[in-house]
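In the two complexes that follow, subunit A is the common piece, with subunit B as its partner first and subunit C second.
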Partner chain A sequence: MEPRSSGLVVLVLVCPLAAAVLLQLFGRLDRRLCMPTALAACLASLSLTGVLAGNVARGMPWVYHPGNWGGLGIELKMDLLALLFCLLIAGLASLVLVYSYRFIPHELAPRETSYYTVFLFLVSGLLGLSIAGDLLTFWIFMEVMALSAYVLIAIIDVPHAFESSLRYLFMGALSSLAILLGVVLLYGAAGTLNMAGVLGVVRAGANGQATLALALCSVGFCVKGAQVPVHFWLPGAHSAAVTPISAMHSGLVAKLGFYGFARFIFFVFGTTAAVGVLKMTSVLQWIGALSILYGGIMAILEDDLKLMLAYSTISHIGFMLLGISLLSPAGLTGALFHLLDDGLAKACLFLCAGIFIYRDGTRSIQQLKGIALRTPLTAAAFTLAAFSLVGIPPTSGFVAKWYLVLGTLQARRPFFAAVMIIGAMLAAVYAFRVVFYMFFAPERSGALQMDDVPPAMLAPAAILGAGTWVLGIAAIWILPHIQRFVASLVS
Partner chain B sequence: METNSVIPLIAVFLPWLAVAAIAFLPKEEQRLKKIVHVAVSVAAFGLVVSLLPRALDGQAFNFKLFSITDNLRIALRVDTLGYYFGLLISFMWMLATIYSLRYVDHKEDRYYGFLLLVLSFSLGAAFAENMITYFIFYELMTFGSYPLIVHEETAEARQAALKYLVYAIFGGSVLLFALIAHFYWGQNLSFNGAGVLSAASISRAALITIFVAYLVGFGVKASIMPLHGWVPDAHPAAPAPASALLSGVILKLGAFGIIRVVFNVFGVALFKQLNLDLVLAIVASVTIILASIFALTQDNLKRRLAYSSIGQVSYILLGLGLLSQDAALGGVMHIAHHALMKGCLFFCAGIIIIETGKRNISDMEGIGFRLPVTMLCFSVAALAMMGIPPSAGFVTKWLLGVGSLQAREGFFIIVLMISSLLNAAYFLPIIYTAFFKGEKQPLGWRGETSKAMLWPTCVAAFLVVFAGIYITMPGLPYSLVKIVVRAFVGG
Partner chain C sequence: MSQALSYFNLTVAFTVFIAGVYMVATEHNLLRKLMGINLCGAGVLLLAILTGFVRRGQQLADGTVAGTNTVVPAMQWLAVAGIVAITAITAVGLALARSHKRVFGTMDLDEKRNGVKQAPPQSTPNATEDRR
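For the complex of A and B:
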């Protein structure tokens, strides 16, 4: 169906951007106003996205052509892929902001204003890259997001964080450079930056330039998504960051690796080129499978809760990558749904980890033994999300896993079904190990008491934890839209 | 005949009332809470019984909850087979809940909460309309049982529960694969019909893959060797009423799944055509013999009973593997008959532990004088297990024996005979030790133990004999199972 034009699309992204500027200018006047301003901006983005959702779900994307760029093809476009990611971004960011209200003064008191400002830049970068309809906009907002992400990791005053941030910066810059080169090559070949335009040219006849661009972009997104063997920057970066930022990173920023592939394979190169040239999708399948197993095994070996979750992120992005590179309808449905459910679950788990850090100052899984007696609600939220991470029915993780495994069979690659099932078993080991320690470890003592953490921290974690189960039920309403969208991408 | 009925749905979710009672009643109201628990379990049984007249006419009760796609839906449909199992589940649960009143004396909220939740999940599985509904309830049941097994929180219980979890996750993962493969190739997960897979459209290799995956997935619960490892550890660790339910119902949920696979997924004709019946019969025979031999060597009473259960559940599978009319009848009836016998035995073992603290058979000299009624019940159930008439155990063994001749596979009679001999070899010494070893004392008829524990034991023992005499009485297993067998096996 014909896309319809609306200025609301650009507003989605302007809200957080404007709020960031406002905070930078006036944030220092009263630090208590920072969080509400940022939250208002994110909620505004969320509701704008919600307003746009109806038509997108019915298969009609929204577009907006800012300025007068003529032949360059600059465009903002909200299709279902963008919509899902935008809803996740704005929703998660709002919850993480609420969480930050009490957590950030605890850890980052003097830099609160900067924190919220950069946070908003991060959100606008994420929103911008997801609604970008052309390569340049995509790349620019990806850089806005990446630069904010480096800063948000280095913002905490520990030497370890700075070092991790540097490593992340180095890898991030290299990958951005690779993607930029790819974009330039594509522009050279197609003469337009618009994704639909490029797609038309590449389809007409993929040449050497497009092939090279594809290779460069693939390498770039593999780094962004921390896939084996270019994953090494992620565990340090995710665990060194302040916890709300870890949640953002794991739930959203690292998912860029997947989102970029989804965008580029289907909207820039087209599946024929992706399959035919370089056999890229088969390479991606193996990279995804390796990452699933590597992340899972490393997570089991890890005692630091946040590092464990970071490795789990590698594993779960592997699931998505494998799902998308199978190019089967069910696999793609599963991958897209996994983007949502893993976002919720990972964010919830990180927020719970943050509560343990806030309360007991510990990140060691061993020291969580019996903590369910002291923080029963946090432990319960953690458990809900852990079930989704493993994919136990009726959580949303189960729905995703169902379609992902179905996708491997559709693509006639049952071997990868085994990989996914083993990956889920590994997830069960590392996730339930923590649950087991929290609830049933012998080192429990004292009477049961309710969590003595601020409700502003507890509520977001609980909402996300419950959300993973609600999404599992709500899948019956969401899936038909995703499936229709997927059907338009692969036959 | 199909009718829509909401009663199964109410029966499934009624136990949640008990959870609500735990959550909302004040802590001191232990007595009131216990009344609610018992009332809920009795009411669930009553609801199921209220459907009996119509179930005996062969009616099925439908209730559709919601559908994801046309052939993927969450729905309840109580056919005769499901009704039969649901009746057993609710009855055993009623006995076990009453028994628990005196047996369980710490962490009661957690215990009863999960006890009744598992009732809800098990009933949901029994009443499931299709494999995905079954799977969801089955997995919830699996994880809900964990707190019941770990209840005592000794090091031993913790180890056992962990082992249970590891096995369960492995089984669940394989099961998920089976389910997805079934859905992918068969496109129909419904239990409504005698076989939804067909050799015409699905390759032989795929069919065998599906069956083997189901067999392994359900086999962990049904404790097929070598997947039985968790059973002998979990039974002694759990509280006696939970052990009774483990053996009586939870193991059977695995066997029930295999019955569904044979009757409703493959259909008897296809199952035979693929020669899978012989595979199942051999696997079951090996388990029967080996489990009985292992049982001989156990001194811990509950451990010996656990090994006995491993063997007995395979009787069900043997009946299914022979698949003649009488063998199927015997196999499916054994679900209920074994539940009554083993329930009674575990109830007795629990009374022995509570009253004397003895767990090892070698310490039980002369215990028949101290606990005459208990040991009488024990003897009745143990003799029934050996297959002495008139008893429930005799009926099923007889049917299986006749059935193996009908199937022209007389070899399996030898398996039954060896097994009966071994049963005698490990049960008779217990009776001998209890009544004929040690010093003779006056019988302690009075104040033997509390009524709440003794009555369920006596009811179970009574039914073991009663079901062996009035075999065809409406409501007892035969009346229902014959409808099932007529529908699926013929005759």
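For the complex of A and C:
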């Protein structure tokens, strides 16, 4: 249907951006005002996205042409893919900000203002790249996001964080530049930067420059999504960062690898180009499958809770990549739903890990034995999210994995169905191991006592944990919209 | 643009780009790695300018005729955005490298691993940041 123009689209990303500038200018006057300002900006973005949601769900995307520079093809576009990611970004960011209110003064008191400022830049970068309708806007916001991500990892002043952040920076910068090189090649092939314009030209025929661009962008997004041969930056970066940032990285930033593939395969190159040239989708299927198994096995071997979750992130992005590269309707539906589900579950698990660190100062899984007696609510939230991570009905993880496996069968690749089921079993081993230690390990005993952590930290984790179950039930209403959107893509 | 010239452009840009990747992959010194990223960026920007180059009298996408030898606006935009982003990456990288030097006593990853240089005792953290 005909897209409609609205300035609200640009406001979605301007809210956090303006708040970031305000905080940088005035945040140091009163540190207590930083978190409410940032939270207000994220909630404003969330409600604006909600206002736009109705029409997008009915199949009418919103567009906005800043400055009406028609010749350059600059465009912001809110379609269903962007809408899902925007809702997830704004929602998760709000909850993580609430969590940060008590956690950040505890961990990095002198840098509170900088933390919130860079955090808002990260959010606006993520929102901007999800609603970008042309290649260069996408790239610029991706860089805004990536730069904030490097800084937020290193903001905690420990030696390990500098090493991890530097490794992330080198990998991230090289992948960004590879994607930029791809963008230049696409401009050379199509003569426009607008995604819809490029799609029209590249679809027409096999083009050498476009093929090269596809290869470069694929490599770039594989690095961004930490898939197997180029995954090594992720575990260090995610585990070294301060915990709310780990939640943001694992829930949103690493998902960029998947989001970029979804954007570029369906909206820039077109499925025929992606399938026909270079057999790109077959290569991606194998990369995804390898990542599922590698991430799962490494997560089982790990004793550090945050490192375990980081490896689990690699595994679950592998699920999404495999789902999308099968190009079957059910697989795509599953992958898009998994984007939401894994965002909630991973953020919840990281926030719970943060509560354990805050309370006991421990990150070792062995040390969590019997902790459910001392922090029953946190342990319960962790367990809710762990169920979703494994994919047990009626959680959202089950819905996502159901459709992913269905997708492999639709594409007549039963081997990958087996890989996914093994991946889910590996998830059961590493997630339920922690749950078992928390609830059933006999080492420590004592009277049951309620969590003595601040409610501002407990509430976001509990909301996210419950959210994975609510989303699993709300899938009845969400899935038809996703399926209709997917049908328009793969037909 | 003729086919041969376009292949020449691609070859030059990719040579510079891959030289940069090689530098990041093999150098041990953090500053040299950062220079490698800049070299990569130079390759990309070079290709952007070569791709967008139009001669005087040639017609542009919006129908106007170029009054002079120039580069199309889209590629100028891309080059400016690219320069800003690469500068920002370099700045963040240099700040991190300085912190690395403060903590480990060296910017050389090999020296750090082999312990050639004795790391000095850690100076006070936050020496310059958040002074306000």
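We take it that the second predicted complex is superposed on the first by the 490 of 491 C-alpha atoms of A that agree within 3 Å, B and C clash if a C-alpha of one lies under 4 Å from a C-alpha of the other, contacts with A are read in each partner's own complex, and residues count from 1 in each chain.
To be clear about the criterion, a contact is a pair of C-beta atoms (placed from the backbone, for glycine too) under 8 Å apart; a residue touches a chain by one contact, two chains touch by 3 or more.
Bear in mind that the values here come from a model prediction, so they are computed numbers and not experimental data.
Colleague: Since both structures carry subunit A, what do subunit B and subunit C do when superposed there: clash or fit?
Modeller: Taken together on subunit A, subunit C would fit alongside subunit B, as the superposition shows.
Colleague: Report for A:475: first if it touches subunit B alone, second if subunit C alone, otherwise both or neither.
Modeller: In the superposition, A:475 contacts subunit B only.
Colleague: For A:114 in the superposed arrangement: first (subunit B), second (subunit C), both or neither?
Modeller: So A:114 only meets subunit C here.
Colleague: By residue count, which of the two partners contacts subunit A more extensively, subunit B or subunit C?
Modeller: C
Colleague: Applying the touch criterion given at the start, work out whether A:421 contacts subunit B, subunit C, both or neither, answering first, second, both or neither.
Modeller: first
Colleague: Is A:163 contacted by the first partner subunit B, the second partner subunit C, both or neither?
Modeller: Touch partner of A:163: subunit C, not subunit B.
Colleague: Answer with first, second, both or neither: which of subunit B and subunit C does A:440 touch in the superposed model?
Modeller: Touch partner of A:440: subunit B, not subunit C.
Colleague: Counting only touches as set out at the top, which of subunit B and subunit C does A:54 meet: first, second, both, neither?
Modeller: Touch partners of A:54: none, neither subunit B nor subunit C.
Colleague: Check whether A:143 is in contact with subunit B, with subunit C, with both or with neither, and answer first, second, both or neither.
Modeller: second
Colleague: Once chain A of both complexes is superposed, is A:410 in touch with subunit B (first), subunit C (second), both, or neither?
Modeller: first
Colleague: Should A:393 be classified as contacting the first partner (subunit B), the second (subunit C), both, or neither?
Modeller: It touches subunit B, and subunit C stays clear.
Colleague: After the fit on chain A, how big is the angle at subunit A between subunit B and subunit C, using C-alpha centres and going to the nearest 10 degrees?
Modeller: One gets 150 degrees for this angle.
Colleague: Rounded to the nearest Å, state the minimum C-alpha distance from subunit B to subunit C in the superposed three-chain model.
Modeller: 42
Colleague: Share the list of subunit A residues that count as touching for subunit B in one structure and for subunit C in the other.
Modeller: Comparing the two interfaces on subunit A, one with subunit B and one with subunit C, no residues are shared.
Colleague: Would you tell me which residues of subunit A are touching subunit C in their complex?
Modeller: It comes out as residues 28, 70-73, 110-111, 114, 136, 139-140, 143, 147, 150-151, 154, 157, 159, 162-163, 165-166, 169-170, 173-174, 176-177, 180-181, 183-185, 187-188, 191-193, 209.
Colleague: Once bound in the complex, which stretches of subunit B touch subunit A?
Modeller: Per the stated touch rule, the residues are 66-69, 132, 135-136, 139-140, 143, 150, 153, 155, 158, 161-162, 165, 169-170, 172-174, 176-177, 180-181, 183-185.
Colleague: Would you tell me which residues of subunit C are touching subunit A in their complex?
Modeller: Going through subunit C, the ones touching subunit A are 6, 10, 13, 17, 20-21, 24, 30, 33, 37, 40-41, 43-44, 47-48, 51-52, 60-62, 73-75, 77-78, 81-82, 85-86, 88-89, 92-93, 96-97, 99-100, 103-104, 125-126, 129-130, 132.
Colleague: Inside the complex, what are the residues of subunit A that reach subunit B?
Modeller: Residues in contact with subunit B: 387, 390-394, 398, 401-402, 405-406, 409-410, 414, 417-418, 421-422, 424-425, 428-429, 432, 436, 440, 442, 475-476, 479-480.
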